[in-house]
Amino acid sequence: MAAADIPDGSYVNLGIGIPELVARSVPAGRQLIFHTENGLLGVGPPPAEGNEDPELINAGKKPVTAIPGAAYFHHADSFAMIRGGHIDVCVLGAMQVSETGDLANWSTGEPDAIPAVGGAMDLVAGVKTILVLTEHTTRDGEPKLLRTCTFPLTGVGVVSRVYTNLAVADATPRGFVARALAPGLSLADVQRWTGAPLADGRSTTGRAP
Amino acid sequence: MIDKRVGSPAAAVADIRDGATVMIGGFGEAGSPIELIHALIDRGARGLTVISNNTGSGRVGLAALIAAGRVARVVCSYPRTANSTVFPALYRSGGIALELVPQGTLAERIRAGGAGIPAFFTPSGVGTVLAEGKEVREFGGRRYVLEHALRADFALVRADRADAYGNLTFSKTARNFGPIMCMAAACAVVQARDVGDPGHIDPEAVVTPGVFVRRVVQVARPAQESRLVREGAVYP
Amino acid sequence: MIDKRVGSPAAAVADIRDGATVMIGGFGEAGSPIELIHALIDRGARGLTVISNNTGSGRVGLAALIAAGRVARVVCSYPRTANSTVFPALYRSGGIALELVPQGTLAERIRAGGAGIPAFFTPSGVGTVLAEGKEVREFGGRRYVLEHALRADFALVRADRADAYGNLTFSKTARNFGPIMCMAAACAVVQARDVGDPGHIDPEAVVTPGVFVRRVVQVARPAQESRLVREGAVYP
Amino acid sequence: MAAADIPDGSYVNLGIGIPELVARSVPAGRQLIFHTENGLLGVGPPPAEGNEDPELINAGKKPVTAIPGAAYFHHADSFAMIRGGHIDVCVLGAMQVSETGDLANWSTGEPDAIPAVGGAMDLVAGVKTILVLTEHTTRDGEPKLLRTCTFPLTGVGVVSRVYTNLAVADATPRGFVARALAPGLSLADVQRWTGAPLADGRSTTGRAP
């Protein structure tokens, strides 16, 4: 669903984990060019088994390939692309998202956690559109969509839209606005699992705009 | 398929409007996108701000753009060169504004504009008139001046090879400002000698990744500015 | 003739002293200069500050350097990875200090160190704990945080090809931090798969010009870190 | 003489004009690598007539060649080399040099002059050792070595040593110190053409140290 919302010809960075799956569901007839912050524009599909190259990996340190027309570059140039606003869309995972688009996705803030931020703060600061792909709640059933994040922030007011297993919702200055719901669910159903008010912003066709 | 190739220099610059800020690549004639500049003269946009290392020579290319009265202001490190007469005359008559910038600061401000860095400290120019009125701060016992990023609506750049995605290579010292100007402009327009499909350029050899480039037009045999100047050519 | 080739990894790191600041290239194992790191372990220098994107995996390479107790402090964006156990355990026990830096800020601070820029403003991290205590300033209605350059006494980097002058190329995504670390270190030490005389590398294809490199050592068949980790190898 | 003072293996940037001649007088057995700020490390001798390439020029916009082992790069990378302290020596021309090493070499400050600074301010700020190569006086016989520069400065306290047709002198916090004099000249002779006190710092051998 997130893949369907990304315009043709976009330059896209995919976060580690679930967001990497977006590359598999690009609609037919649409072309996205994938960027990985460790220095490759034009990430291709994973290599066939046995063809992995330890020097050709993505930000998740998984083996990838390069498409014809790809380019390699160093880390400062790669983050110049990110910070300079040249990447159109970034799809990230989340621990928490606030109703105004604050994102927490790098640390639970617990004292014995090993803090590790990677490129997330640069991505949310520099990429034009930040999409979040996440389960609607934690494994314990706690809401991830909140009025205010309680974990340390990755960025302030950066998330445009959240795609969960229950709904698609925009983070806006006036709070969360639902754009689509999973089949069979009512807004009240989704509201129950959401830690902030959820306005109804579904178009009459019921499709995400 | 993503394809940034356009059919002509005229098409490549067709939306450059009056008042636009335009970065123009080149160090002297090396890397100067002369066909794109001539197309911009034909296009007729006025009141331009031009960011470029020099101001052109003779009556072709950048000098011709200035001679045609299209440039209100230049941001530049070295606005006089051998055979540079158009800018000096216009500047003395008050017909054009100049922001003089040390060459390395010019390059770094353009790179910063492309890299999302709004401002940085540099040692260049500290204690000189070019640092007057600017914030100066000490780091490690040495003084540095705060300089701000430069961005542009358009960049006109000459490359050697290009592909449909906008990946570029350059030729020798004609590389100069091209790569950073592509980064710092909302719309980078590139003329290249040799343009091909994706895969045309080894990914290890790409100097400017395509994400920084909006349009590519092939000019297989660009005019040589110094020859035109020697021949006394005048554009248009 | 200028010839930066040295005979062995041991000779290349022989003057790294206790307390030195050492940048170590690589993103995970890609570009990690494992033979140089092992030579540094053999060398025995202690109390090191290591600037690197990760903290290594298993018990080889960077993880082995940390496990040997040689590293007092790391400056790093992502100190935990799959198979990364050495750093987390030592960090929890208070045996090592950590300065956590967003990856793009880490790269830009290193580049700034090499480029003579003492400090710059960046949007990354504004409003987060990583910007606490730092100067924040508004440019064009947006807030940015001031970050300072990073420099090092040494850089240990893995390249693909090198020549006697220190010109380098890299392999695919193993390029990552290598070029900027060579710029930011007083003494950049490079292991390369293929080392030749001047002229070995096309001047257009050079990624790191030799001026940034002090020593080059050929390691024709570098060990593959992930294979060593799978095999349970421990260095030394 | 300037060439003889530059250590073997140095990376050297030569200013436009007279300083370019340094490349012709490198002593036998010594290797210098020449940098030109328009994007080439490893500048070679001028090309044979007819072999000029308009895309292979130096900062003075004159045709050059590239040595085996050369490298091309863009302007931001080139000035990163300069500003970052990676170039060992720069040889520049001068309009004026003060006794403490201030340099004026870009503008007379006259109202109708076209100001043009090029890379000089970056070079003097970033290169480790700045040598000046100039006539001892202006064409009108005015001294160029002064207590204080009257023209707009290029940099403050940046010049190490000045090579003129009359003398070699260091600029120091305590003023000019003569290191060598042209054959047949006394210190008093040179002092007469110098706009600041000139201490005698000649070694007993009379050779520049």
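As written, the chain order gives the labels A, B, C and D, with residue 1 at the start of each chain.
Everything that follows uses one rule, which is that a contact is a pair of C-beta atoms (placed from the backbone, for glycine too) under 8 Å apart; a residue touches a chain by one contact, two chains touch by 3 or more.
The structure presented is a predicted model; accordingly, all values stated were derived computationally and were not measured.
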With contacts defined as at the top, give the pair, A-B or B-D, that has more of them.
B-D
CA centroids of chain B and chain C: separation to the nearest Å works out as 34
For the pair chain A and chain C, the C-alpha centroid-to-centroid distance in angstrom is 29
Quick check: what residues of chain D touch more than one other chain, meaning two or more?
40, 66, 72-73, 76, 79, 82-83, 125-126
Among the residues of chain B, pick out those that touch two or more other chains and give their numbers.
108, 111, 115-117, 122-123, 170-172, 203-204
Output every touching chain pair, sorted by label.
A-B, A-C, B-C, B-D, C-D
In the complex, go through chain C and note every residue touching chain B.
108, 112, 115-123, 137, 139-140, 142, 144, 148, 169-172, 203-205
Quick one: in the complex, what on chain C touches chain A?
27-31, 53, 77-82, 87-88, 91-92, 98, 100-108, 110-111, 122-130, 170-180, 207, 224-226
Complex interface listing, chain A residues touching chain B:
9, 11, 31, 33, 35, 40-42, 66-73, 76-77, 79-87, 125-126
Counting only contacts in the complex, chain A reaches chain C at residues 36-40, 53-58, 61, 66, 72-76, 78-79, 82-83, 112, 114-122, 125-126, 152-156
In the complex with chain A, residue positions of chain B that touch it:
1-2, 111, 113-117, 163-165, 167, 183, 197-201, 203-204, 206, 209-212
